[in-house]
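Below, chain A partners chain B and then partners chain C, in two separate complexes.
So, the complex of A and B:
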């Protein structure tokens, strides 16, 4: 008997079965149970009956150089029935937006007409993600993203709907009790009541934990009294139900009182809730945005969402769950605007040729196409992970989609306007309206600066947990010789910009995308090196305000990495299943990867060089002088010192 | 592309082709259009005798033929015939013969492109009985005739362009086991067919519309994709006074072509030619073109020294004279070919000379210069005479020229 290995009966039977391909069932019973996912007979395999796999967060692991190759299989979450249902749902919504929504008029009057709102309610768009048992459509993330492509055709309507369901009532769905859901969701689903999300205050915008609106519990413990005011509240002028975040005092173990944030469901008819006049905005003028004042508003104790003191987490969960749809909505608008601009470029003749003959114009449309492709791929990949895995943690991925799409929307709607030249600048064409509507995307739902820090620091936090062990090993070289040797070689190769590409990503993609796979592997390895460099350089100070430039660089790299993964995964699937014009998709994907890798290379080089060589110190120095001067520092060019 | 060649070869050697009009094309054009179903019958397999003059009907028993001998031939009757076969007994004796007969009769019943029907006849095979249970059965094709029958059924699906689905896979796996030949063939079909299905850059819908107007619109739009600034319009002849026919006209013209018409010399006649043929899968559309004589290509620039970069001129400062011979002056559009300049494309409901005349009249609204140019109608057309001589138009500008 070999020590350490014992051949028991189980192993014998298994080996014999494998050798002789013996079926473990008798012949009379069809050997149908070949895989757990498919059932017997001739029925279609159903996606909903299988337990969803549990996966680690993809991007957070990228900070450690761990690449989950499951993501390279672009998710297909809808079965045939839901897919067809979705596409049937899309047709009347598109028709409604094309025929009955007058975007120019909504923008001009800064109001959405009542009949348009009624039309939206009758299409069920007020309850897209509310479960069917409460009267909503019960859509998953993917279907929601698809419909967002259409509803975003008018910015005001898109923001009204999003404020209502993506943030306003999401708290009840995510963290509400059964009683709260049964009480409020049916009315919200039909649109009888509109919801709003009240977090921002004059003194706390990005810093959500510092809100001053307070809620005090009554002596009998049954009512909270709410006092404070909130600004920039979408739907604030007429919302019947608001998710309000207020600070409550919590008794700590050592007897002191600490302020914690709690989420409340507040109905307008509780009394004491007033709204200010609507704000006159640059864009999304159809959406109602105003201040909301709470003056001793009595809120029943059962209206607390989640736990008392757990409101910050609820707020973060709500905001994280709605962000990814900005990718698909941005793609929807850009596709529309691009089509109009191409029509113009094909028909307008200058220098006796159509504009589309000129390479500078061609470049705009090419880069726009690539950007739209990346936006869409990222949005639907995130939606697929949200729908297809159990307890998904896609907060960082959703933030990346939001940052990428908002910046893409702003830039490329501007470029479409540019193609039209003077015509694009006039109000008789819709381009300027789309550009103005796009500007808010960089600000709301978390400003892009905050989200870059969120991406960078979340990843660094996750990486720090594992790298703590790495540091221990590095500090004990004699106990871990093999590890030190391997790490030393890796460090040496990285310093020569030649990391070993051992992830094997090209095995999970179509061979046509091998170039892209290699580029992605290179970027992942360089990114891992950059993360280790940043952590080693700053340690715990990495969250310091002064060191944000490096963290933002890491975030930019991570966004490019995620986008590369999404486009490669989608292009590979398209080509394998034979989608029409899949060769064009391959081209878009490979071009995006080349461009992204150039950006990643430069960013990692800047991180490697350190703040002194990359110019970060100079930037900080210049900014300090300008800020302390209260304005531009350099004297006017016409200044003279002598005659 | 090798597979297409392979399929053609198989088609030539193995299938029974009846009334086929196969147009052989080169690999880089749209694939062959088979106007008839290709059927595989049991007499062409390795396990039956090969007799070229064999009338296939003699091999099928009269009882099996009787299942398909109803006067009404549609999908419901076919499905009922399959259900009726099941009533013969739970052992499904003679299912191979029945399936071959069903495959042969599919086209008569009009269900040869219907996936549900193929699944129904594949489902007629007994489940579980034919799955190999030991290594010898797995190695040597277990139940060879049945496996070959399933393979032939899948082959007929492939030739008719029917894409199977996961339910078909389940049927085959439950019948033959997961490592059998039919399941391997299914795997190959699912690998290749989706890739080829959408390979054409200019796809036509799987079942093109039967309506002549919609077909004409599809055809004209397809031809006009060559110029992105073209537009396809549907006009009516009854808006033209003195029009004899009352029909529709689908006209396709681009801005470039309109500009070319403006620049045409007024003394040279232009011709309306046609009808030419364009196929949309198996439907034929006849179209006409308005053609002017070809212009000579612009002469190359005569320069003293070709590489004299000191003499660079560009438009910004007005240094370049529009009449001067530069390449930027007159780009040659796609409509200017060696055999003529194509000024427009149309398809009409009647394809008669009168409707073409109405087309030219209607074009004059967007091409004012057209009213000054003589238009000729060619008498001969690729498919024979277009109309009778006594219906010649009385307009002075038109004249028939014998070609």
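So, the complex of A and C:
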């Protein structure tokens, strides 16, 4: 009855150990370090004084089949005053971007003009999330996300601003001391100083924990000497302040030295800091990207951010806190590009009819709308949780928003270009620039491959902990007959693809969305089953590089689940409060859920089938041959063996 | 001497919006349509704020007559640098019947109450294009007026104003107190920066009704009909000037 559980207490502890990397045998941290439950990294808006509710991480619990129904109430975190203020702020920013930003010129010259940067600074855009007491605007996640919809209308500007505040100076806000904040934030808020985030090195990209830049403490303990070089640093050519991550040695309890990562605030004027020439990039050409070299740079000891040796957590918290805004910025850009493409489709005639008459064209705009709706909903749901709960842990949700939005932007800006045909391919229209700008989104801020693994493994780790109790009961069937029986029935139903839908989600949504609620419940149940299957199948080996395809499948399901939750939650609210055209929203939400559930169904089936039946093993085999051959293996079709 | 400046700003349909005539043909559709401050009024506010920066003015008061949403317009003025605002509340229904004469009476009363020495308004609003408020306000106050200003300079007790007129530019001197209406080239208004928008939250906006100022809103004008301009017809090409002249004569144009 209870099928194939290879989990026993020991295995679960070992999975936990592997995923936490608490083993003392290895000298360096693993390739993929799953973030531990530290979530000190969020900036909350300052207006509220009432204590915020504490909630468990939503997506991580989905891996256990636990659905926090609070999330179905789409958050409204801005009070009237802040809401009005935000909308007042949007006006001059939109005007500035419409009137003063020449995207084509910026892309062509690979430079943002000084006047434009000055304009952005005087508008206050350099200090959006810096607290008011330090000269910033003190905006929360939701407000930041809304403004990102506008600032990302130019890719170069968007990245320049994000590199400065979403990552470059964020460490000081999240983990800095009062002294550090008071010393640096005011200048950074006005844009007098620009910041950059220096983590990546030529030999350490995704494998961020393997960085080689080193910092050695002087004998008097007052100065660190920094040596190394960083690559792909946005704003690296001229940033006055850099958050630099370097290897420091830490004495272990047993007397051995271990390498840890420490975060430092480094001023360019400390001396020894040089930058290479700007990289010539495919897109976001207005943004300055270059190598930065640190040659015996003296850094005062008080410039350590957080604790010595605690730099990796600081880095992860910083990156997690900015990611979600890609959803809103993506939606902002796509809405803009879509509008232009629709105008073309409505006016351009072929075969005596406007392009918009043709179903293949209609389909693009329909699917694009659904995708944008999902992107926006996820972004603002995540922002709402960040702003509205105490010590939120949205690391997985933010990663999901990033993966979904980056791929959506790449695909749909390409489709908009397609609608314009040859015209879209020329530089006289902005489509090709938006497409080129969009490509980086799948790469930076954590490649989508890494983030899928992060999503999958974080969830599995979380599930693995909880499953210890489950496993205890399974090992004592006679003491827990009711449980064993129940579990057995559950597994049997799952094997027939007929899980019991008992979450009661439809009670938390408008009745019009009942179909969507059922679909979501089904997917949640199937997903839970898939998680259990994967944990049972691999145990501690789930983090092994060879097993990534299954982990990625789980991640894709989880992304679809979160997206479904977000669209249903939002559509329900829109309809309940009587927002204009909410019927259209209902349609978008329900259609998304139908499509998503098809994907989830296939993914879960593939997981159930296992690598042998799903084709994963074949994929690996073909890849191995091709890779060891150094190229394509099959002989040319014209090859002959006899005449 | 330091002046107190009163600036009028009107909330109008945004210049970029495509206007649609209402089915009853007595106005245009305003529901759900994007509104913003009349561009000429932005120029007026900008000029007043610049006077303050040059220490010629000591206080800039922004006034708007309209429904609740007019406060957004006043807040924009505050974010640009005005010190305080006055919102003369007029319900949306009555806005359609609001005439330049009413606004002028209101502005004149406020100028007296607030002891303003300079009133600046936009030369005309882009919704009704009346080009009458500045002139009427000056007449009611019995103050000199300098309309279509494209340059403003203060000399002792006087203003030297360059005006944009049909024949070119005309420079006149007016004694203070005076009423000025701003034209396009007077200045380029600043963007309301986000920090200033936040600071503007703390600035005061006084609220009052027209009757508090002793102004009654009885109509003197009646809107008979609002229609779209006739759609442009196709033109014809002609071979030479003679044919052109003949055609024009035939059409009764010359």
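We adopt the following convention: the second predicted complex is superposed on the first by the 596 of 643 C-alpha atoms of A that agree within 3 Å, B and C clash if a C-alpha of one lies under 4 Å from a C-alpha of the other, contacts with A are read in each partner's own complex, and residues count from 1 in each chain.
Everything that follows uses one rule, which is that contacts are C-beta pairs under 8 Å (C-beta built on N, C-alpha and C of every residue); 3 or more make two chains touch, one makes a residue touch a chain.
As the structure is a computational prediction, the values presented were derived from the model and not from experiment.
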Which of chain B and chain C A:155 touches, first, second, both or neither: neither
First, second, both or neither for A:168, with chain B first and chain C second: neither
First (chain B), second (chain C), both or neither touched by A:424: neither
Of chain B and chain C, the chain that contacts the larger number of chain A residues: B
Which superposed partner A:125 touches (first chain B, second chain C, both, neither): second
Which superposed partner A:88 touches (first chain B, second chain C, both, neither): second
Partner chain(s) touched by A:140 [first = chain B, second = chain C, both, neither]: neither
Contacts of A:96 with chain B and chain C, given as first, second, both or neither: second
Residues on chain A lying within both footprints (that of chain B and that of chain C): 580
Residue ranges of chain A in contact with chain B within the complex: 20-23, 27-32, 34, 38, 40-45, 342, 346-347, 349, 351-354, 356-357, 576-582
Residues of chain C defined as touching chain A within the complex: 32, 36, 72, 75-76, 79, 191-195, 197-198, 201
Of all residues in chain B, those that touch chain A in their complex: 119, 123, 127-129, 131-135, 138, 165-167, 170-171, 173-174, 177-178, 193-199, 201, 203, 228-229, 255, 315, 328-331
Sites on chain A touched by chain C in the complex: 81, 85, 88-89, 91-93, 95-96, 119, 122-125, 128, 132, 137, 580
